[in-house]
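Have a look at the structure that comes next, please.
Naming follows writing order (A, B, C, D, E and F), and every chain is counted from residue 1.
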Amino acid sequence: MPYVNVRITREGATAEQKVEVIRRMTQVLVDVLGKNPETTVVVIDEVETDNWGIGGVTVTERRRKKA
Amino acid sequence: MPYVNVRITREGATAEQKVEVIRRMTQVLVDVLGKNPETTVVVIDEVETDNWGIGGVTVTERRRKKA
Amino acid sequence: MPYVNVRITREGATAEQKVEVIRRMTQVLVDVLGKNPETTVVVIDEVETDNWGIGGVTVTERRRKKA
Amino acid sequence: MPYVNVRITREGATAEQKVEVIRRMTQVLVDVLGKNPETTVVVIDEVETDNWGIGGVTVTERRRKKA
Amino acid sequence: MPYVNVRITREGATAEQKVEVIRRMTQVLVDVLGKNPETTVVVIDEVETDNWGIGGVTVTERRRKKA
Amino acid sequence: MPYVNVRITREGATAEQKVEVIRRMTQVLVDVLGKNPETTVVVIDEVETDNWGIGGVTVTERRRKKA
């Protein structure tokens, strides 16, 4: 029954990588908390780098400064 | 004042269906809890089937296996 | 498979009212979008009135002014 | 370490405006609660007006009626 | 920079189990997506069984019926 | 109409500080995006330090190591 929401910046995660994140996060809840995987939901949100801020600046700005 | 967030897979819900979900969910909070509809917010998130996992697999995989 | 998160102020909603909100919100998704109720999750968060703001003031302040 | 999620309707907020929202919201948490800005995350979600309801109607309908 | 929100029913997860969920979920994002663990946030919400619905009924009701 | 969710660790934020966070965050959306404050909602979630992880460890562990 757990619900997991994974929020990451949109930077080209592949369908295969998302399959793997979902598979392994579900397994964590089975292994550690004994949750039923059949009713465990994992939702991945991919967010534009213009819309994600850390340290008071967007990831877009942060990448530009590093470049 | 309530805030409702409805998360579904993106599979062609029409504008009319979304109008109906919003209208009826708001009414539930009015009827059952006496909430003021004017300040009740309902936000629908439509999520790609690659990004939604249940039972440890994505909805995309699950549909493929059933087909 | 849908996930619904209902956020309201904590003001004495009874267990019976929560049962009713969950039952009816699930039914909305069955009726309007043909969703499977068995995998539909509804989670209610009750938030202290000190922690909920609207119009730039907390609900606690708002109630006090009205009193 | 705080996490802030700002949800607005998608109506043309510019990259500059988002930079400003992120910068100022982070500053609020530094000023008022003494939080460390370096680990403060602000994520902006822009939601289609068809998917945002208030008062039981979508923002799309509401705009149409006002026009 | 990822943000993970794990929502489970409140049923006695221990501090040690939560440590383990956080450690392993962070590792999934490092292994699969190459994310930086230092800025990866995992927040666990424990929700009363009266407030969690699945299949249109609360977990409290569901447990009672099974008993 | 915006909805802002501020998540922080539960470490004694006072009612006055929460009033101030709500007032100022609402003002950011008015100033930068021209939003209507009357329908702007800000919800603060205070999360136990056992339930908040960063860098793969809980805030509880992190504080203990620093002490």
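Simple rule for what comes next: a residue touches a chain if its C-beta (ideal position, glycine included) is under 8 Å from a C-beta of that chain, and two chains touch if they have at least 3 such contacts.
All figures in this text were calculated on a predicted structure; none of them were measured in a lab.
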Winner on C-beta contact pairs when D-E is weighed against E-F: E-F
Centroid comparison with subunit B (C-alpha atoms), farthest chain: F
Centroid comparison with subunit C (C-alpha atoms), farthest chain: A
Centroid distance [mean C-alpha coordinates] between subunit E and subunit B, Å: 21
Centre-to-centre distance between subunit E and subunit A (centres being mean Cα positions), rounded to whole Å: 14
Where subunit D touches two or more other chains, by residue: 1, 3, 7, 25, 39, 41, 43, 52, 54
Pairwise touch network: line, ring, star, complete, or other: other
Listing of all chain pairs that touch each other, if any do: A-B, A-C, A-D, A-E, B-C, B-D, B-F, C-E, C-F, D-E, D-F, E-F
Subunit D contact footprint on subunit E (complex, rising order): 1, 3, 39, 41, 43
Complex interface listing, subunit E residues touching subunit C: 7, 47, 50-58, 60-61
In the complex, subunit F residues that touch subunit D: 1-9, 13, 17, 20-21, 24-25, 28-29, 31-33, 35, 39, 52, 54, 59
Complex contact set, residues of subunit B against subunit D: 15, 18-19, 22-23, 25-27, 37-46
